[in-house]
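Once you've had a glance at the structure underneath, I'll fire off some questions.
To keep things simple, chains are lettered A, B, C and D as they appear, and every chain counts its residues starting from 1.
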């Protein structure tokens, strides 16, 4: 799907379309050569105008002149996330790179602890084929009395260890006031599920220009997730990776339900790399490998994995952390699955284009 | 339910209980005269210790000495939110008050617009029996291109108008860096659903000492909601009101599903006042009155309502805003329902105590 | 909302609209004076034709000539459930009646056990103001090894006891082959949540002509629920009562989440009486009263309640059963809330009509 | 996990444990050498006894003597579904077989239509590597006015065509009264999502001895799904295949959300083959291939796919049907992914056993 080509259909949606706006809006759209069709969707509380736009620049112009309108493409995608820039779409994390040409493994401890353990983990992770080190220093926890992470001390330690091993790092930032400090100590900023719609934080990491790993909120739709990405992209920062980590459902057998369909949907709607976190998504170590392989086969560009030297001793979420042996094996298998499935995706997307998807 | 009386059962829960901790932890608990019983719940990934505590101070001591543990009461409630201080539980908003002795109506426009409209609304709202004016100035929106609110200008305007009408105000704050400025211009800080687990913001409003209206995250459980309240309470700020505004479910007929059961659960588990927002909870003006009356009958201490002079002209969410006539009528009926249901709740809670509620 | 007046808008929806059909269909609709507008909804996989029908009989004719089409009103309601017959809408259960003019209490044991206990319960239930006795004899259980109910023996017992006390009865039927036998022994057939889309059973109870209490499936939308009602109504049986009993959500604090918004939605979309089952909806005795009062205030025409002489000895679900004292008190309070809220609903619906509800 | 070995832990769960039962029950368990420990789970309304059983036969004996109790293994699984018989676990469908040694493709039209189209589809499906033909004749539809399927005529046609092509068939049965007739015309009976807890139907297909494809209810937990399987197994019919077809969540981008984690959970908890239906699970043709490959990589033993000669002309769900080209390509890729992922699963399960999973 290409965004806003001539004659592209776009939707202007909102309770935000006031009767005051509408006639003027419709007139100017029509004057611009657009075909406008007001719709009342069944059970839809918002007014929506269906617009067959006559030229490429209509969208931005409308955003400028009607700042309170939401512009959506015919597929209901926000603007930047869905634009397919010419050439390829790559996100650079230090010397590593996330793209749709190779599988990237991001692994590390859920929480950064003491330096001995971290060195062991980093060495094991690197040996197992991971090219980015993840580690939690600022830990958002449901209870204020739960372990809150080692914060900046943990980040300094991770920075030091990562340099020894020459591995780029990703770590979570939870407060707009910390973005600069965290940016100095990590190569990629992670936005966690609980901050998935913390728009102040999203704009701040957008301004930072740092690459961002944006987790999906466990209560957020794909559209809301793309809206969150748009807050970063709208600041001129195009280095965004989307991370599916499970949504909340009625099924109690897993902590969350990994939404595997979200992977092909995102690969079709946006140019941003997509990774999956089966560790938090399942919350159970014995499900991680299967769900990880499933995600890769479904089109994920990478995996985010909890790993620990002694899972049972982890300061948090040890029960879902893989051992080095398990990580090494998973990397090998995931690579094999990636290659086996890849051809399928290429040809599928062809089929898709001809078939005119969704 | 009283918290941590002698012989109270408490749970110490967490992947955060490391094998290193456990023996020492159990020993010291036993030495303190507690009966300890490690449990492995079916399908529960966390280790949990069931502790029959021998004395009142055990909880805080454990928090101090094992900072990474989560302490829960026998009902699984976090600590402060579930403590029932002696005497009554009141939250003061300017000259108004929220408590469990009377029904409070909080009403106003979803978004603060121009001063003429705001004066009309404030006057109408006051005439209709509302004792607190709500108005959105910082608007978290799914898309960065949607109307983001009138921000500090809107707050200054609302402050000025509210003073003319001598009505206290509540408005949303979305960034920890704005807490001071917003506190200067409003009587109560609102934490919106998208920031329900923005822990930096929660701690900051906790430190501010301002009364807080804490909305439930639409993807959050009641336990997570109480955990969020705990972040505010843990800063020494006990002026917290909980606001149910609907959770996300598979039902597409409403924007969200108002969780009416949450009302009695919260009234039983915590001493904090509970209000309900049927405007955002349903997203449909013709459902607001019925759901509002239902919430009041189920035990809500107050209502948060979208109102507008000309709903169709509202800059956002006009389709769910009530007119003055509708608000006035709703206030009258809600008052009648409140009184009719109230006796029931008093005697129910007696029954409950004798029955020993779940 | 009236169904299919001249110029009523209706939707013809379906992957079931084949390209073969469509041109011919559109032509004949246009010939009949209708304005037809094919829509492609965002993210909607089904083709839909929006039809401004020129005359009243178009709907039935289309059903006849295009049997594989689904006809929906402008509000997306199925046909019969949404038709408001002239006069009032009453469902007769023996000598009792469910309607929108008075509150009906249906109460009894979750499972029919021995005759002594059943007599005690029936006597207590009647004394507490219930006008219909409910009792489970065929119990659908998740496990085949769980207690499956006392079946026909239980029904015979309930029939005998109910006659002594001159109370009409409602009991569940789970197999189309049992409909006749169950009909002989009860005054109203209950369709449980697990059979909410068991269409063979629905058609069979429709043919039986017996009044039907149709529970909502815990995984079903309101539209699917109305579709299920339509299966009964389409057999010429208009004696259908809808029973909200909670839907499945991510919230673990209650067994299900009672969808309070469904009550006003159903009262607006259909003429069928609506009752609520807070016992199964919450699964917790100490939440039943509050949720019941909430349901009544939100517009429910009745309540379905689990009651037991000695809740702790109930063969199933005792933990959610009310004692007689609790039932008696609930009846009184519910009556008071019903009256207090009622005026609101009448005037709201006026407001609604003038406001032209979503 | 093995079921009920000596010293196996089992749980006896239920509001169904009456005070009357309990002392006697505990005594007899203790006399039988079991260690019994009553538990009160946080927020659990049911009493549960944790039993360390001293001998293999305790479970069945308890079922016999306390028919209203539910016996669960230490993992909370129902009995038969979780028993791992010695040797391998195979389900025979005509000359085909579903097992965990090879990938099975089941494909065909959502609805059986005229014989020409069906022959084309069957020929295409067979050429594309499918070894079982699926086709819907009894179609459960939300509305009674929607196309209800070609019923027995359709089945006769499918039977005739399948014999010509020497392909075994699977088709849905929706009424216990039809089980015999449908069994005569198909090789495998499908239980659809809407009948996933239609226990009369489940018992009937159990008695029939026919192989059964049991779809998950879109509102059912994995435990409920296994309970449904148990109804079939308990009739002595061990030829059951589980089919994941998506659950209902708040995400509107797909019709349902395929629960990919359910695949490894089922492979660990039960010996029954697991297949996935990405056609109904996503409801969108351009997502089917990716989700199918994901399911296979996650451990699925087979796929159930909608296929049509001219998807746009399908009487229902054409929008999700694959063309022959797409099916052929999917089969090839799925086979490659199956082999690449397989090694992973074998070694994972080893890791799992050593790690002592779930």
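We take it that a contact is a pair of C-beta atoms (placed from the backbone, for glycine too) under 8 Å apart; a residue touches a chain by one contact, two chains touch by 3 or more.
Remember, it's a predicted structure, so these values are computed and weren't measured experimentally.
Novice: So which of A-B, B-D or A-D is the twin of C-D, meaning more than half of its contact pairs are the same residue numbers?
Specialist: Residue-number overlap above half with C-D among A-B, B-D or A-D: A-B.
Novice: If you average the CA coordinates per chain, which chain's centre is most distant from that of chain B?
Specialist: Most distant chain from chain B: D.
Novice: CA centre of chain A versus CA centre of chain B: separation in Å?
Specialist: Computed from C-alpha means, the inter-chain centre distance equals 30 Å.
Novice: When the centre of a chain is set as the mean of its C-alpha atoms, what distance in Å lies between chain B and chain C?
Specialist: 32
Novice: Find the geometric centre of each of chain A and chain C from their Cα atoms only, then give the gap between the two centres in Å, rounded to an integer.
Specialist: Between these chains, centre-to-centre, one finds 42 Å.
Novice: By residue number and range, which residues of chain B touch two or more other chains?
Specialist: Touching at least two other chains: 43, 219, 223, 247-250, 252-253, 284, 319, 358.
Novice: Applying the document's contact rule, which stretches of chain B touch chain A when the two form their complex?
Specialist: 14-16, 18-20, 43, 45-46, 63, 67-71, 78-79, 140-147, 174-177, 194-195, 197-201, 203, 217-220, 223-224, 227, 230-231, 234, 247-248, 252-253, 255, 283-284, 312-320
Novice: Tell me, which parts of chain B touch chain D in their complex?
Specialist: Residues of chain B touching chain D: 11, 39, 41-43, 72, 74-76, 248-250, 252, 358.
Novice: Under the definition above, what is the set of chain D residues touching chain A in their complex?
Specialist: 219, 221-223, 247, 249-254, 257-265, 267-268, 281-282, 284-287, 289-291, 293-299, 325-326, 329-330, 333, 336-337, 339-341, 343-345, 347-348, 351-352, 355, 357-358
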